[in-house]
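Down below are the structures I want you to see.
Consider the two complexes below, in which chain A is the common component and chain B and chain C are the respective partners.
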Partner chain A sequence: MKLALQLAYRNLVGAGLRTWLNVGVLTFAFLMIIFLNGILDGWNHQAKTDTIAWEYGNGHLLNEKYDPYDPFSIQDGHGILSEENKENLSPILLQQGSIYPEGRMVSILLKGIEVNQKTLKIPTTNFKENASAIPAIIGVNMATSTNLKIGDQVLLRWRDKNGMFDAKNIIIVDVFKTNVPTVDHGQVWIPITHLWEMTGLENHATYFVANEKFKPKAIKQWNYVSQKELLHDLDEIISMKKSSSSILYLLLLAIALLAVFDTQVLSIFRRQKEIGTYVALGMTRSQVVGLFTIEGTMYSLFATVIGCIIGVPLFWYLSKTGMAFPTSSQDMGIAMADRIYPVYGISLILGTVALVVISATIVSFLPARKIAKLNPVEALKGKIQ
Partner chain B sequence: MKTETIISLENVTKRFPVGEGEFTALDHINLTFTKGEFSGLVGPSGSGKTTLLNIIGSLDVPTEGKATVIGHDIASLSHKASAKLRNHHIGFIFQVFNLLPVYTVFENVEFPLLLQNKTASERKKAVMEALDWIGLADYAKKKPNKLSGGEGQRVAIARAMVKRPEILIADEPTANLDAANAHSILKMMKKLNRELGTTFIFSTHDEKVMTYLERIIHLRDGKVELDERIKNKNQAS
Partner chain C sequence: MKYILLLFTSLVLSWAFVTPPNAEEILKKVDLNMVTKTKIITSQMVVSGRRSTRTIVSKSYAEGNGKSFTEYLAPDREKGTKMLKLEDRLWIYSPSSDRIVQLSGHMLRQSVMGSDLSYEDMMEDRTLAEIYDAKVVGEEMLKDRKVWVLELNAIVNDVSYAKRKMWVDQTRFVPLKEELYAKSGQLLKQVTLSEVTQIGNRWYPKKMNFKDMLMSGNGTDFIVDEIQFDPKIPAHFFTKAALKK
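Then we have the complex of A and B:
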């Protein structure tokens, strides 16, 4: 084994350009796989962190009549949670409404939130009371689509508890920037006390956001959905993106492996006399098969080494400075920052090394098997077709 | 000098399938070689010289008959056992030198010792000694493509002899060399034959080679035509 490694190393280094071309394509494939997966992992990580910070908290306690996937359930999907169960929970009340920026009607989701909550990053401390209007905050995306700025007032209409329309002005007291479209797009945040008053639903909540100290327990008429369950959808979207991008890099890897395969086939054909010489000098045929296989494997080992030399500083730099992406988070439907900080985990790197090395070994072994059937006398004559 | 049989061939026959039928390349060859012999196979092209050398070198097996080399029945050896026999006991020299192109002279000569798992210091000592025999100690770091034909064949001799094999098989070793180089390597081989007691078996068309041989076996159509022991002018030199 040690001998075969030593010989394979000499043969590859001695072969010069041909070796470095193969190593080059393998290195490229190797780096691409890590690069793309690192971005997706970084995005995933960021999307999760952001979504937890802005929306999910440590989990949601949902009113049993409220179904997050059914907007019609907002009407009746709320209730009062008994005082002793409210520990470590902060209430959110949802209501449908509409606003009239520049005279056109825009349907919105009204979200009542406690002014002094600390669980979510929604900047509720910026709710400043105003004599003439209800203080409201919106996200940048909402602000852009409705053309609203801080200080603007706009008419809000909603239905009260009896189903009657009521209207009042809201004043935009803050516009926050977030990567999480589901707390921004089409949403208006107001203090929950105002919403209680407006709708007559004193102390009602559609759901509660749990903080870290929250201990889930069974509460009648309320369902607890843990952070992990909430993140499930996000995981699915990312893993879908992963499998679609894997087609790209598997194709790349296939091209690189084809180059190795090709070199091996050609090499076995061109180096017949050498193979015959090895056998004449006392190598067994399986040793020669091993030698050629290891030569192929060694392309991938060289690629790993060169990949590390290029990749370690490059990926380290990228993971520190992040990468800008032109697509906005709204287009993606899930949280996506302007800048993604790729995450290059140890399992990603080791997994990729294993993938490249094992696949290179297999494609080297397949043509090398032919050597075992080779007649050394014919090989020495260089006669094999 | 005691005459110990090192190779014995009994009715060795080799047939190759050709089209529908068979071609008999070797036809009931009966020969024995004793330790330290300096002999050669001569005969026209196609007479079976290479085929016979390949069987003696355990690169090939007879179709019929029995070839015994250093106590081993060639036909019954496993791949592994025949590789071991070649690695330890049989050296080969070819018409085209078959040096490994990416290795230096040193590494080429070292190769059989690597297969024998010798330590680095043992290898170095043996390789330098072998390079001394052929007078190319200064060429250790050169690559084969930088060598002239004569130098290339000398390196091939060093590679074949470095492990001090019992048998050295040389298939037309001078065919690609000019007269001066041919004489030079023949003298070298003769010297090694005397000093190390190695049994040499040549195949050749070359008159120059024949002047060094102690025994000439004439082959024709796969049969031994004449087996003569001769006194040659170069034998003592």
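Then we have the complex of A and C:
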């Protein structure tokens, strides 16, 4: 084995440019796999952390008539939860309404939230009472699309519990920046006590957000959805993204492996005399096959070493500074920061090394199998077989 | 004695001139013009958007306030769409999907074909006298016509508008303008009625402009091209089967 490794190393280094071209292509594929997966893992990590902090908390307790996927269920999907079950829960009441910035109508989702809540990162402590208007906070995206800023007043129209129209000015008391579009786009947050008064739905909530101390239990007319279940959609999106981006790096890897395969075929064709000599000197055919397979595998080992030399400082730098994404990519409806910090886990790196080494070994072995069928005398003569 | 009689007569006469007419009587006379047992209307709905104007032509068959059947005739995109209203239920048939959909809840609050009217605006089948307490608050000149100004305050909770103001022609008993208010007193919509024409023994406005007062724009015009009062409408028009015919 040691001899095989020494021979393989000397043969590869002796091959010069041909070796380094193969290693270069393999290194590129190796780095790309780690880079793309690192970005997706970073996005996944950031999206989950932010969504939990801004929207999901430790889970939601939904009114049984409310379906988050059906906006028509907002009208009737609310109710009163008994006091003894309210521990570690923050109520959110949803109602539909319209605002009229600059003479155009914008349909919005009115969200009533407790001023003193601490479960979500929504800056509810910034609600300041105003004599002439209802205090409201909105996200940066909502502020941009409606051209509203702190201190602006805009007319809000809504319906009370009986369907009667009402209208009053709201004043924007804060604009918050978040990576979670589902608490920003088309939404206006106001104190829940105001929303109760405006709609006549005193003490009603559409859903409750649980904090980390909440212990789930069966409550009549309310359904608990755990944090894990709420994050399921996000997991699905990330895994779909991973599958689609895997096409790109598998293609790159295939090109690199094709180069290794071609080099192996050429080596066996051109080094028949050498093969005949090995066999004549007493090496078994399988030992010769092993020698050539190790040569091919060594490309991937070289690629791993060079990949580490280039990748470790590059990826370390990227994980510290992050990568900027265009603002348009944040309109996809899922949490995405304007700067994503890639996450390079040990399993990602070891898995990629294993993928590159094993696949390089396989494509090196396939052409080397031919050696087993060579006639050593003919090989020594260098006759093409 | 003769001075007392004279004083009494002049008091009675002055009271008759000063006291405004009963608002309920005015509303009843308005209903005599506007509400019919049955009617067939061919109309245009001109929806003015920020960039363009769309005209939607339709033919409606109505029986009282509770039943109506509407077929859209133009433009091509809406042609063949049919709408059936039976009391508090509303169905829409779309020829492109060949499906009948019943609208309920929030869907009724959506705009009709992008206009300033919601489906719910068309769903109200109670008379004004049933849901509002009316009183005459003044008289004015509007478009060279002498009008009574009526203020209507909701007496039930489940109405869209808490308050209405109505300008009613004093001789023709046709509303010429209507303002719809929110609970807070904010003006939400304005309806302007014009081209009042005598058809048979009633006066009827052939053009109505519905304007959402919170939005910029010219609102939606509803223009009556043809109208028949009290024609015989076969019962099958007001069945779901008529939607797919």
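The definition used in the following text is that the second predicted complex is superposed on the first by the 380 of 385 C-alpha atoms of A that agree within 3 Å, B and C clash if a C-alpha of one lies under 4 Å from a C-alpha of the other, contacts with A are read in each partner's own complex, and residues count from 1 in each chain.
The working rule: a contact is a pair of C-beta atoms (placed from the backbone, for glycine too) under 8 Å apart; a residue touches a chain by one contact, two chains touch by 3 or more.
For clarity, every value in this text was computed on a predicted model and none was experimentally measured.
Superposition of the two structures on chain A leaves chain B and chain C fitting side by side, clash-free. When both complexes are overlaid on chain A, the residue A:Arg285 reaches chain B alone and has no touch with chain C. When both complexes are overlaid on chain A, the residue A:Asn223 reaches neither chain B nor chain C. Contact with chain C, but none with chain B, is seen for A:Phe72 once the two complexes are overlaid on the shared chain. Legend: residue contacts after superposition of the two complexes on their common chain; A:Gln153 is shown touching neither chain B nor chain C. Within the superposed three-chain model, A:Ser246 lies out of touch with both chain B and chain C [touch as defined at top].
With both structures placed on the common chain, the touch criterion links A:Lys273 to chain B but leaves chain C unconnected. The superposition of the two structures on chain A yields an angle of 150 degrees at the Cα centre of chain A, opening toward chain B and chain C, reported in steps of 10.
By the touch criterion defined above, A:Leu3 lies against chain B but remains apart from chain C after alignment on the C-alpha atoms of chain A. For the pair chain B and chain C, the least inter-chain C-alpha distance in the overlaid model is 75 Å. Under the contact criterion defined above, no residue of chain A touches both chain B in one complex and chain C in the other.
In the complex of the two chains, the chain B residues touching chain A come out as 54, 57, 59-60, 79-80, 83-88, 92, 94, 96, 98, 100-103, 107, 111-112, 114-117, 159. For chain A in complex with chain C, the touching residues are 71-72, 74-76, 96, 98, 100, 102-105, 155, 157, 159-160, 162-168. Taken in their complex, chain A has these residues touching chain B: 3, 6-7, 10-11, 13-15, 273-274, 276-277, 279-287, 375-377, 380. The touching residues of chain C, counted against chain A in their complex, run 50, 104-107, 109, 120, 154, 157-162, 182-184, 186, 188, 212, 214-217.
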